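Take a look at the structures below.
Shared between the two complexes below is chain A, which pairs with chain B and chain C, respectively.
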Partner chain A sequence: MSIRERLSGNEAIATAMRQINPDVFAMFPITPSTEIPQYYAQYVADGRVDTEFICVESEHSSLSACLGAEAAGCRAVTATSSAGLSFMNEVLYVAASSRLPVVLAVACRALTGPININHDYSDSMAERDSGFIQIYAENNQEVYDNYLMAHRIAEHPDVRLPLMVCEDGFITSHAIENIELEEDDAVKKFVGEYHPENYLLKAENPLAVGPYGVSNYYMEARVAQAHAMMNAKQVILDVAADFEKTFGRKYGLFEEYMMEDADIALVIMGSSAGTAKTAVDSLRAQGIKAGLIKVRVFRPFPAEEIAKCLVNAKAVAVMDKSEGFSGCGGPLFAEISGAMINEDKRPKIVDVVFGLGGRDFTVKAALSVYDRLIKIAEGGELGQVYSHLGVRT
Partner chain B sequence: MAYNLKNEMNKPERFNAGHRLCAGCGAGIVCRAMMRAVNPEDKAVICNATGCLEVSSFQYPYTAWDDSYIHTAFENASATASGVEAAYRFMKKKGKLGQDQNFKILAIGGDGGTYDIGFQSLSGALERGHDFTYFCYDNNAYMNTGTQRSSATPRFASATTTPAGVESVGKKQVQKDLTQIVVSHGSPYVAQTTMIGNMKDFHEKAHRAIYTEGATFVNVLTPCPRGWQYPAENLLEICKAAVDTCIWPLYEVVEGEYHLTYEPKKKLPVEEFMSKQGRFKHCFAPGNEWTIEAAQEYVDKKWDELLEKCR
Partner chain C sequence: MLEIRWHGRGGQGAKTASQLLADAAFMAGKYVQSFPEYGPERSGAPITAYNRISDERCPVHSNIYEPDYVAVVDETLLESVDVAGGLKEEGAIIVNSSKSPDEIRGLLKGYKGRVCTIDARKISMLCLGAYFPNTPMLAAVVAVSGCVDKKQFLKDMEESYRHKFAKKPQVIEGNLKCLSLSMDSVKG
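== the complex of A and B ==
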């Protein structure tokens, strides 16, 4: 039986963690993810979990400690944001290449500078090539549900990759919403225990982790890792199917909203999708065939599936909530453009960078983008392919 | 049981031949001796910082280590060890490891991975008091990248980033006293050693460090033939000169109490150490006599301070 509650995204993650009761949690605080280890510290203090909770001296060390624990045979977790994720950068790659399925909660926040504590995806997008699976959420319920699915995906023998559960800093991490929680026992049963095949503390069979790999071996290791990421797509879908069967809520690699007959569409991520859906509803009420795709799984990127969904649209705006400084568009735009490249029939696509450093994204702003798409769909000028929304002049 | 080299050498090797360390490198000797200090009935996990030792001892698909081993990066051996130790505590607590399945958590890194880039991680792990032992094989420079100076490089040593020249007499700064800094963390056991005689000093300190509960530290002066520029066979002679000149005093600090473990019968002048290595060659050139005097003055001062602490 589900339990109706009111929780912030951070408390939802901490609650999911408490229910899963991971073996090791290595923490270092950074806004806006700090509440996650704070809630957890109280669970430890109150004897509600068995976790070895270690307060290390940096994010580099929190992830390093997670790698040590995970390699030793334990389920290890941590949380971070922004500069903290950047500081982990080196270790993120080690986690993925060592095939250690650490689960990392990220309350996504802008990167410096200027220093800013509010939401965008510059932190997580900068790590899109790290080898982590990345799953994004629109609201607190999705954050909670994604976390419940995370360990099963990461630890699956066909995958064995670390995973980021991404929430929107402050917007999702701190705003309190109604949420349906699942019973502790049901969660434990769904997630299951972690039984790695080989680990450092396996007394009867020692293990060596993290070799020097010369050119004769390096490429095979990287290709195996690439295949694991490809395998993750099906595992994410299988775990989602079991999640739906168990708890009743349905998830895919992305969400299609009014896409069946859409002429114009946004491709968007996270909490901004909720705002854009309101814009779609008002356009549909006027008989305009608008829709949107909300990308849930960014790594592995569901390129073929999204392409199939976009081929019949006439004009698409990719909404990038991070600035990639490529000089020609944000990271989501690059993925979507790449996904469409071999389609004979494809829409006109523009990139709109928006909401940086917590700049508000309103229904009105979403409607302005759809207005532009209407004109493009009618054969009007494409205009600037790469532009920024809501910038003061 | 009293230390007996023959008995020790009869133990099965836990750091095996076939590794790719240079002839005359001290690091391999450190690893063999470190592993001999782990009781045969106990298992170990070795957490290694990036460096010569890592690339030479675990080149896929070969490993020189009989025990479990993990390398993650350069600056985080102590943090990685913290996680392994937390996992060990968890498994013991949950009964996932048998009563007789005991592991010793060891971390090892060069002076680069310990004094410098890994210093924060080391300090954090010491402060938290994880039950592990950190071994630093201090070879006085960044050897894996080709002898760049580190904070462990002694004053006047020529390194590739502090070369001797018309305007330079080598490194300007004295060696960071890491052993003292570790003592300041309140570690229950800290020792300084090197490879001399029958390895008794090394063995006893390593064993005591490994079997003292808490975060313990052993700093091992570990000559490097490439960086120090000496013939490979002179390794032990150089170690002996380091302790007899008091450049590298042998001592241990148990719960804050200092004990000198070796006092040279006759304290030798620093030239006895410096003249055996190419990295100090310029100090013996006409006009640079003052460098040897300055080096002697510093060693005397540090030695007197140590004797005071050991009194």
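== the complex of A and C ==
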């Protein structure tokens, strides 16, 4: 039986962690993720969990401590944001290539500079090549549910990769909204215990972790890692199917909203998708065939599946909430363009970079993008393929 | 759906007030949002917090530009912040002040809707013996907006206080008195 509650995204993550009761939580605080270890410290103090809660001296160390724990066969977690995630960069790659399924909660926040504490995806997008699975959430409910699924995906024998559970800094992390929580016992049963096949100090089969990989082996290891990422897609769907059977809420690799007959569509992520859905509703009420795709799983990227969903649209705007500085569009645009490249029939696609450093994204702003798409769909000019929304001149 | 915007100064608890209002509406069975607008936190700097209260989950996650109600926790903000900006004329603004609504209206840049005041300091000092503007402001917003039934609100808050102040039961009565007195003391 679900429990009706109201919680912020951060408290929702901390609650999921408490219910899972991981072996190790190595923590270092940074805004806006700090509340996650803060809530967790209270659970430790109150004796509600028996996690080894380690306060370390940096994010590089917090993830390193998680790696050590995971290599020893423990379930380890941490949380971070922004510069904290950047500081983990080196260790992210070690976690992924060592196939250690750490679960990392990221309250996504802009990177410097100028210094800014608010939301965009410049931190998580900068780590899109690290080998972590990345799952994004529209609201507190989704971030809680994603967290409940995270360990099972990451620890699955076909995957064994670390995973980032991403929420929008402040917009989700600090907003209190209604949420359906699940009973502690039901969560524990769903997530299960972690019994890795191999670990560092297993007496019958001791293991070396992180050895040098000479050229004759390195590439095989990398390809095995790439296959694990490809395998993750099916595992994410399988875990989501079991989640739906157990708790009743349905998730896929992405969400299609009014896409069946859509002429115009946004491809968007996170909390902004909710705001854009309201714009879709108002356009539909006027008889305009608008829709949107909300990308939930960014790594592995569901390229074929999204392409199938977009081929019949006439005009699409990819909404990038990080700049990327490629000079020709943000990271989501690159993925979507790549996904469409071999389709014979495909829509006109533009990239709209928006919402950087917490710049508010409103229903009105979403409508302005759809307005542009209506004109493109009618055969109007494409205009700038790569542009920025709502910038003062 | 009701949309409410709170104006306060860092440290005065406008964010907490918006969370308390969300709690009250949640307890009354509603869907709620309570979120602050964050910048670099400085004690005394103007801050904004928001509420959405509705019968269905609200998917919008932007700030609120055309609120139904505005609550101003610190009247000195009237000089520097356009607190009534975008406020719907069929709504109302509730200002923490010992002044009359007519005196306040003159400071609101032509807002034509309902202007209410509540002397949160006086009520707080009387009931709680110290200045906590949140409790009177929360009660005033409930009274003016009608977002929650008044009787239900008092009942839910009593339960909430019994839980929250389990180790300090002596403060429960003062807080409840503060709520009911505040609801009856709104001017305008």
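The working rule: the second predicted complex is superposed on the first by the 392 of 393 C-alpha atoms of A that agree within 3 Å, B and C clash if a C-alpha of one lies under 4 Å from a C-alpha of the other, contacts with A are read in each partner's own complex, and residues count from 1 in each chain.
Heads up, the rule we're going with is that a contact is a pair of C-beta atoms (placed from the backbone, for glycine too) under 8 Å apart; a residue touches a chain by one contact, two chains touch by 3 or more.
Computed from a predicted model, the values in this text were never measured in an experiment.
Within the superposed three-chain model, A:G47 lies out of touch with both chain B and chain C [touch as defined at top]. Between chain B and chain C, more residues of chain A are touched by B.
Once the two complexes are laid over each other on the shared chain, residue contacts for A:P206 go to chain B alone; chain C is not touched. Contacts of A:S61 after superposition on the shared chain: chain B is touched, whereas chain C is not.
The contact surfaces that chain B and chain C form on chain A in the two complexes do not overlap at any residue.
The part of chain C that touches chain A in the complex is made up of residues 19, 22-23, 26, 31-36, 38-40, 57, 59-63, 65. Against chain C, in their complex, chain A makes its touches with residues 6, 32, 117-118, 138-139, 168, 170-172, 174-178, 271-272, 274-275, 277-278, 358, 360-363.
Note for the complex: chain A touches chain B at residues 23-24, 26, 50-52, 54-58, 60-62, 64-74, 76, 90-91, 94, 98, 200-203, 206-214, 217, 221.
Within the complex formed with chain A, the residues of chain B that make contact are 43, 45, 47, 54-55, 58-61, 63, 65-73, 75-76, 78-91, 93-94, 96-98, 101, 103, 120-121, 123-124, 127-128.
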